[in-house]
Structures are given as structure tokens and as C-alpha cells.
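I'd like to ask some things about the structure below.
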Amino acid sequence: MATGELSIYNLVKFQAIPPDWPGGFWWHWLFFTVVVIGFVLTMVMGVIYIERRGMGRMQSRLGPNRTGPFGLLQPVADAIKVLLKENIVPVAADKIVHWLAPVIAFAPALMIFAVIPFENGALLADLNIGILYVVAISSVSTVGIFMAGWGSSNKYSLLGAMRNVAAVVSYEIPLVLAIVGVVLIAGSLSLNQMVVAQDIPFILLQPLGFLLFFTAGCAEINRSPFDLMEADSEIVAGFHTEYSGMKFAMFYLVEYAEAVAISAIITTLFLGGWRGPLLPPWLWFIVKVMLVFFAMVWTRTTLPRIRIDQLMAFAWKFLLPMSLLNLFITALQVLADWPTQLIWAMIIVNFAVMAIIILIWSRFFFRLGWGRIEV
Amino acid sequence: MTIPLSGKDVASKIEEKFPGSVVESSQDNLVVKGNFLLDAARFLRDTEGLDLDFLNFVTAVDYYDHFEVVYWLSSLEHNHSLTIKARCYDRENPVLPSVVGLWQGADLQEREIFDLFGIKFEDHPNMKRIFLWEGFAGHPLRKDFI
Amino acid sequence: MAVRTEPFVLNMGPVHPSTHGVFRMRATLDGEVVIDIEPVFGYLHRGIEKLAEQRTYTGITPLTDRLDYISSMSNNLAYCLAVEKLAGIKVPERAEYIRVIMAELQRIAALLIAVGAFLNDCGAYFTPFLYMFRERERIVDLFEMVSGQRLTYNYMRAGGVSQDLPEEFMPALRKFMDMMPRFMDEYDRLLMQNEILIARAKGVGILTGEQAINCSVSGPVLRASGVNWDIRKADPYSIYDRFDFDIPTQATGDCYDRYRQRVEEMRQSLRIIRQAMEQLPSGPVRAELPQLIRPPTGEAYARIEAPKGELGFYLVSDNSIAPYRCHIRPPSLINLTALRDMVRGWKVADLIIIFGSIDITVGEIDR
Amino acid sequence: MEIKPAGKYIYSDIELDREEGQVIEDLKANSQEPIPDPDRWLDEKLEQNILLTTVDALINWGRRSSLWTAICFPACCAFEMIAANGPRFDLARFGMEILRASPRQADLMITAGTLTWKMAPNVRRIYNQMAEPKWVIAMGACAISGGIFASAEYAVVPGYNRIIPVDVYVPGCPPRPEALIYGIQMLQQKIARRKNIDVRKLLER
């Protein structure tokens, strides 16, 4: 299948919209943008529900169950309430920055979904550099978050924003290096091509890469145990302390939209994307995204939070060498043509390598409690 | 059991070292003069055999004509305890030396006494009100506070 | 190139998610490093010591409930011991045993909250806290059986306890005692060996034994610093000399040690309760006393090992129906003396967990 | 054992404390009368058509189903409040388990505990920081009238309604979690009767 310039015609297969609509394919772009936004909002509501109910069950509680059947409408109620709340801008705030911040944070979270395939070829734009686009776009949210921290003129906000910037700068590197392993095996930068290449999910070929990506991804979007920027026991609500009403709703949305985005990328890169037996592909995709998100909720309810200097040390002293090793080993295997020839050997070897490397590194080279890095 | 030291015995020891420092002594406690308080306290803390290194609490009692500040000391090593007291008769501007330099544990409690009784402790590093706000009129635990 | 920085003051509290009530710290920070903090108290000063001077000896017990409101039974016990010491009252045998059972149950309940809140401060999003609240509810149920209240029990009186145990209490207590060790193992499995927790808490906020003694620190914080000092052993009150239990101590005195210390003390409390249950005699639960107690002129200081440390009541009597002076030795306030030395040089996140590991209740600090 | 000299700490300026004290004194002087409860609107009859009523019902449903609590737990009642959030009573069923640390994002203030004059300016500030619409539940005897500490007049505020308007009072010392949940349900009923769209104002335009 041709990628890149003909991408829009791939959509045709997914939805029965004739390509000869008046106005060329701009209609389709508009239509599918609306569809993607709708999908993201629905997914966010879904994952909020999953998080609150799942967290409730894990904490031996019930969780919301009064609104609608099984409390399914709880996110709707939240949304109605938050959107209709008063919007407060502090007197001392930098008004323009304070106003722009949620928008700048929100846009990239949506833009990521443009390149994520929901079905074979069913995506807004099948860029041939899809994964690079994701990496580039996902960091832009940080600008919005830093603007929020600065514009609020609140010390807690500023501390939270500084922490976030530090975390994103550090974790971008292992994140990208973990992706490169997948790219080597798949032989393409297009997300759709990657899914097509996954005859067996890449989590089996790249177990270490998966762990690295999951960890770095959690850190990037500030999920626990790396949720330092809104650590409510330390710095109140972090960067959005001074936000209320609709702007707060935007940040709340960004938080979960980013979580969904990272889950979707993990699904695409490592779990075989939309591929799966019996069920329709888009359903497989959603189920996998939900599973990955559930794992995030699980870590959130279980693990304590780490400290800012430990966060840095973990990125530079643990994840970075791990990802370099992983890349090196994968490159050797690809050079020896293992992914096509000796696929089972590759699975076994990679799992063994993962176990040995993690064991050795965590035993002899890096422990969280060792030393401190001043940041 | 923690053995309460006899105030009389300890009083004689203090009197030996600092003549004229003890006002009165009984089986339970001894009362030292305010200007000898710091010396007596250092003696009690550092003397071999007494080693009263743990300040359990400091408090004050208002007897209308005078304030009595109570120090309850104990030794974790020998497991004995002693109550010493100091009085100040000035109601307008009562002053006593601070023991923070000897037992840091007195820090917040002396501030509390200053706040609630108005007894000023000299050489305390931060003699400010602790519970009530600056500008509050009066000292609530005095008996004549309305 | 040297970047010019300057410290800034961050005001934490009085309403902050991790200050356990209304405590306030003026923290001077250099980036994220704490240069110094200045605690500010008094946001819950309710004048309990002043109110106590206007009440009868019996009427003060409800006030003591509200001191350290998560260990009301211990406060009751300390106060009643002080009145009994002052007035020379003898307590019946059965009442002594009931008091010990209640005080130790209360210790478990309070330490559960202390441990849960500490883990919560470490950022373990409410899970351990709510788990421990689940078990605390069972203890609260037991207290509700004997006193009819869930938080402020007002159960003990000078000369005994207010009423005998109801019939269903002992079976319920037995059931609880059978369950509790299992839950404690569960907590250990949950987080005790967790890598992140160890990294966060080990070596952080070290308080040496000498410093602890100099700062008059008491309770689990003192013992975690390696000082073997427990008033139940050193100065046995009530009938604690009849039970066989150990005083666990830790070596270094960091946050992790204080956490472990509390967990181990819960196990020892279970041992004491088990022995007290077996030995519980029958008989009256309250000494015959007049309605209004008039102790002779004098003064008395009675102290107990409360969950947070040495809780003492210093009563001065002038032979009237109300105490002339009622001073409370608050372990929370005095343990905080050491806070400044412990936090200097650590980060904001450490400030929170060091503060959490001291385990304070603001009701007791400010009184 | 060598003791480090006292005075190694950084102490704040006494002027700062004086300013804070002045704020407290001013507030104390200005709030000797209770603020009336903000429920007069309950009796007002407004003309509503079906469309507006439906919209109102939807908005009120959303608001009462996700009351996020601000953090203001001064004293004893806080533990009954947390117990109500805990596994047995579980306020999460009503969508209330989210304790927003920042008052800007909270809807409901459950004032669990005694209020002192020193704390009062802070409580008022938290209340002012909360975004409209906001509600207050006064939990416990101390929050209603000062409770058993009311006679310590020099320090204790006799009831939160001297400082902030209160919607629902829950008595008890402390109230049981069941009582608190009942109070919350009363508040939900109150919210359900709220008119969000004022027809007369619309017509005047």
C-alpha cells in the first residue's frame, strides 16, 4: 500500500464516503477530525470511569455507582459540573499566558491521534514518519504546562511545572531509544506499517523495549509513580493549582488524553495494534488501549511516588543505559536477520537478556536509594 | 519503676556547689532562685550520678502573687526523676533564664509559657507567641484573664 | 558560569493536604532544597487547659478525648491515672485489665493511621491508608460496643471505667485478634520491601539518639533512634508489669525505621491484648467514689506511653472540685522540636515524609 | 555532648506576625454576627418553562453527582469525614472521593472541626478561592456553635457561619459518617431545587 501522499484514500476503505464529494478531500479531513475528537473525548470519559471504579475496587471500596447504570454516567456529570463552574483568573497572574496555557497543552494531545491506526489504513494521516511526528508533538504539551505554571504566579504551580519540564527532558531519550528498537524490526516509521509488520506482537520480540517505553511513557505523562508535578501531598495540585472551571477541565482532559495516547502508542508499537482474531479490529484496538491503561491505574494505586532527584537518576542511570543496550542487541539481531529467520530464538534470547540485564544493573550499577543528583 | 529523687538530697548537693541558690526543698521537689536556675540546671544535667538529661516537660502555675515554673527532669540511664521549680514574683514583667541551651526540648514549651502566662525567657532564640496571634491582649492561662 | 539563585519562602499550610490538620510551615527553599523551616502553630488552639480549670475532675474527661483525637482512650487513661494519683484512688482489678485492653487497642488504631498517613505522604495514592482504615473500623466497632461512640469515647473514669464490657465484646475481640496478624502480614507484603519506599525513606531525616534525648522526643520516634525507653517498661503504670512483651528498637532513626518501629509496636500490642484477655478477672469495674472528687492539696504528674509518645497530665489541686492547674504534656508538640534539624538539607518531598514520619495530631499540639 | 548554639535557624520577622495578627483582629471585630444561611431562594417561585426546567434538571444533576470536596479538616471531625470516605461508608458512591487539594477546583467545603480565630482568615480565604457554585456543610457541634469549646471565647469562633455562609448543618460531636452522608443527601436535595436560569433576567434583556 502506498503511504504518504495517498493516505486519505485509505480512509475510504474504512468509511463509505465517496472520494468524489464536493470540495475534494478537505471534507473528509474535517469529518474525520471531528470523529477523532469524539473518539478521544469518549475514550477519556471511559478511562476516567475505569480509573475511578478500578481504583475503588483496588482500595476495597465501591467507587461511583449512583449516576446511571453502574455509575457509567459519572464522567458526564463531572464534565457538566466542571464546565459550568466559575472561571477564576488570579489578579497576579500573567493573563495571556494563563489563558493560552490549557489550549497549548490540549492541542498536541489530540494531534497525536491523527497518526494512530484504528484499523488497517484507517487513520487521519498515514505519515511515513508517523512515529517521529508523535515524538515531536507529544513534547509540545510541556510548553503549555510550563506556561500554566509560570502564568499562575503561584509557587506551587511553578515548582510543579519545573518538575514536569525536567522529567520530560530526561525521559524523552529512553522513550525514543525504546521506539528505535521497534522501528529497526518493523523497518518503517509509519505506525500503520509497524502494525502490519507485527505478525507476532513486538512485546515478545522487544520485552525490554516495552518495559522501558511503559516506564518512560508513564514518566512523560506524569502517571504514578512519577506523578511529581501534581503530587498532591507535596505541592498541592501542581501546575494547575490556580485553574478552575473550563480551563481546569482542559487540563484534566489533557491528563487523560495523554494517558490514552501513550496507551494507544504502546498498543500500536508493542501489542499488535488493531490486529487480533474474531473481534473487529477497532474493538481490538480499544480493548488493548484499555488494558494498558488499566496497568497504569494499577501502578498508580500500588506504588509510592519517587523523589525528583531519584526521577532524574532513574532516567539517566538506569533507563538510558538499558535502552542503549537494548538498541545495540536489537540492531545485532536485525543485522543477523533474526526477526524473519529465527523468530522463536529471538523471543527466548530477548527475554533472557532482559532478565539478566535488569537483574545485574539493578543489583550492581543502580539503586534508587543510592546517592542524589542535585537538580 | 522510675525513682523520684529526694528533693532534699539534691538540694544539699546544689547548695554545696552554688551556695544560696535553693529557696526551699521537700521530699518531692526543690525550688531554686531564678538567677541560679541555669547553673543548677547545668549541674543537674552534667553531674555524674544525676545525669538528668531528659526534660519531660516545662510548665507554669499562676499563684496570683507569683508564678511557679515547673521543670520535670528525668534520667533515661539511671531511670530516676526530679522536679525543680523556679518562682518569679514580678507580675508585670516576669523573667526567667531560658534552658533551651541545655535541653532543646524546652524550645516550644517555653514559647508556650510565654504565650499563655507571659513569662519571658531570656536568651531564648525566638521568644514569640506560639498559639495566639501577635497583638492578642493578655495571657489566657493567668488566673486573672477574663 | 555561575547562575545566581536566591532562596524563596514557601508557605505550607495551614491547609495543605499533608499537614495532618492545620499545621503550618514557613519553608525557606533553595530550588527544591529545604534550607530551613519555621513551624507555626496555634490554628487549633481551643484553650483546653483553660477550660479544664473551670470544670470538675469528672467533667474534664470529655475534653481529653479531643486532645489527640485519634487516640482518645489513651488520653482518658493518662488523665484518670493523674486524678487517681492525686486523690489516692484504688482501681478494681477488672477495670485495670479493661483499661489495658482498651489502651492497647487504641494504640493499634492510632498506629494504623500513623503508618497509613505516612505511606500516603510517600505518595501511595490512598491505597494503604484506606486498607488501614478498614481495620481501624473494626477496632472502632469494639469501642462503640463499650462506649457508644466512634471517636470520642469518654469511657474511662477516675476509679475505673464507666461501664462493664457488654456480653458480645469478648467474642468480637477474639475474632479481631484472630484476624489482625493476617492483616499485618498483608501490609508488610504490600509495601514493606518496596524498592521505591526504601529509596524514599531509608537514610532520610536521621535523628540520632543523643539529639532525640536532647529534644525531649519520646515514643516511637525516640525508640526508632535506638533509645530503649518505653514508659510501659521503665515506669510501669496500671498493670503493665504483669505482661510479657518486648520493646522493639531500630538502629539509625530515619523515616523507614520510624515506619518499621510502628509496625512492630502493633505486633507487641497484640501480644499484650492477648495476655490481658486470658487473665481478665471478674468483679466490679469502678471504685465507689463520691460524685464530686475533692483531692487533697498537692500536685501529681502521671504519664503513659501513648501511641505518639509520653503523654502526661500535671495536675495541681487546691482541694476544690476543679483542678487549680491542669497541664498536658503533649508528645506531638515536643516531638516537633526535632523537626527543624531533621529536615534541613533535604528536599520538599522529603520534608513531607519526615513530617509524616513524626506523626502528629494538631489537636494535641495546640490544645 | 556538644550542643549547637541556638539561633542557627532562620526566624521570620516579627512584623510579619504582627500583620497576620492585625488581620485576625480585624476579622474578629467584623464578624460578631452570624451570616444568614443562603437558602432564601428555596422559597422563591420562578416561572419556568419545560425546556428550562429540563436544562436545570440536567445541570443540577451534574452538580450534585460530582461534589468534589475542598480540604479543610481542622480537627476531630476530620476522622469521621475520612471514615466516610473510607471503605465502609464510601462517599465515592456519590462521586465524591476526589479531594481536590486546590480549592479552586472544589465544590463543597466540609468544615470538619473547631474553628479558631487564628484559623478564620484562612478559612475565609479558602472559601473565597473556591469557584462558584460552592456549598458548605458545617460538620459537628464545634462547626455549628463552638461546641464544648464555645466557652473558650478568646480563641474559638462560635460557628463557621460567622465567617462563611453555611448551607447544611450536621450536628454531633463528632457526627457519625451516616449522619454526614445524610447531610450530604440533604445538600443534594437542596441543589436539585436550584434554578440556574433566571427567566426574569432573560426577559429583561
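As written, the chain order gives the labels A, B, C and D, with residue 1 at the start of each chain.
Everything below uses one rule, namely that a contact is a pair of C-beta atoms (placed from the backbone, for glycine too) under 8 Å apart; a residue touches a chain by one contact, two chains touch by 3 or more.
None of these values were measured; they are calculated from a predicted model.
Novice: Enumerate, in label order, the chains that touch chain C and chain D alike.
Specialist: Correct list: A, B.
Novice: Sort out for me whether B-D or A-C is joined by the greater number of C-beta contact pairs.
Specialist: A-C
Novice: Using only Cα atoms to place each chain's centre, name the chain farthest from chain C.
Specialist: A
Novice: With centres defined as the mean C-alpha position, give me the chain B-chain D separation in Å.
Specialist: Between these chains, centre-to-centre, one finds 43 Å.
Novice: Mind checking the centre-to-centre distance between chain A and chain B? Centres are C-alpha means, answer in whole Å.
Specialist: 62
Novice: Quick check: how many Å separate the C-alpha centres of chain B and chain C?
Specialist: Centre-to-centre distance between chain B and chain C: 26 Å.
Novice: Taking each residue of chain D in turn, which ones touch at least two of the other chains?
Specialist: Correct list: 3, 9, 11, 86-87, 101, 118, 154-155.
Novice: If I count partner chains per residue in chain B, which residues reach a count of at least 2?
Specialist: Answer for chain B, listing residues that touch two or more other chains: 104, 107, 129, 131-133, 140, 145.
Novice: Considering chain A alone, which of its residues make contact with at least two other chains?
Specialist: Each of 59-61, 232, 236 in chain A touches at least two other chains.
Novice: Which two-chain combinations touch?
Specialist: A-C, A-D, B-C, B-D, C-D
Novice: What part of chain A is in contact with chain D in the complex they form?
Specialist: So the residues of chain A in touch with chain D come to 52, 56, 59-67, 71, 73-74, 76-82, 84-88, 232, 236-237, 240-245, 248.
Novice: Show which residues of chain B lie in contact with chain D when the two form their complex.
Specialist: Residue list for chain B touching chain D: 100-102, 104, 107, 123-126, 128-129, 131-136, 138, 140, 145.
Novice: Report the residues of chain A in contact with chain C in the complex, numbered from low to high.
Specialist: 55, 58-61, 155-156, 159, 224-225, 227-228, 231-236, 300-310, 367-369, 374-375
Novice: Write out the stretch or stretches of chain D touching chain A in their complex.
Specialist: Contact set of chain D toward chain A: 58-59, 61-63, 65-66, 86-87, 90, 92-95, 97, 100-102, 104-105, 107, 129, 131-133, 196.
Novice: In their complex, what parts of chain C are in touch with chain D?
Specialist: Residue list for chain C touching chain D: 14-17, 21-22, 26, 28, 35-36, 38, 42-48, 50-51, 54, 62-63, 66, 69-70, 113, 130-131, 133-134, 136-137, 140, 150-152, 210, 214, 340, 362-363.
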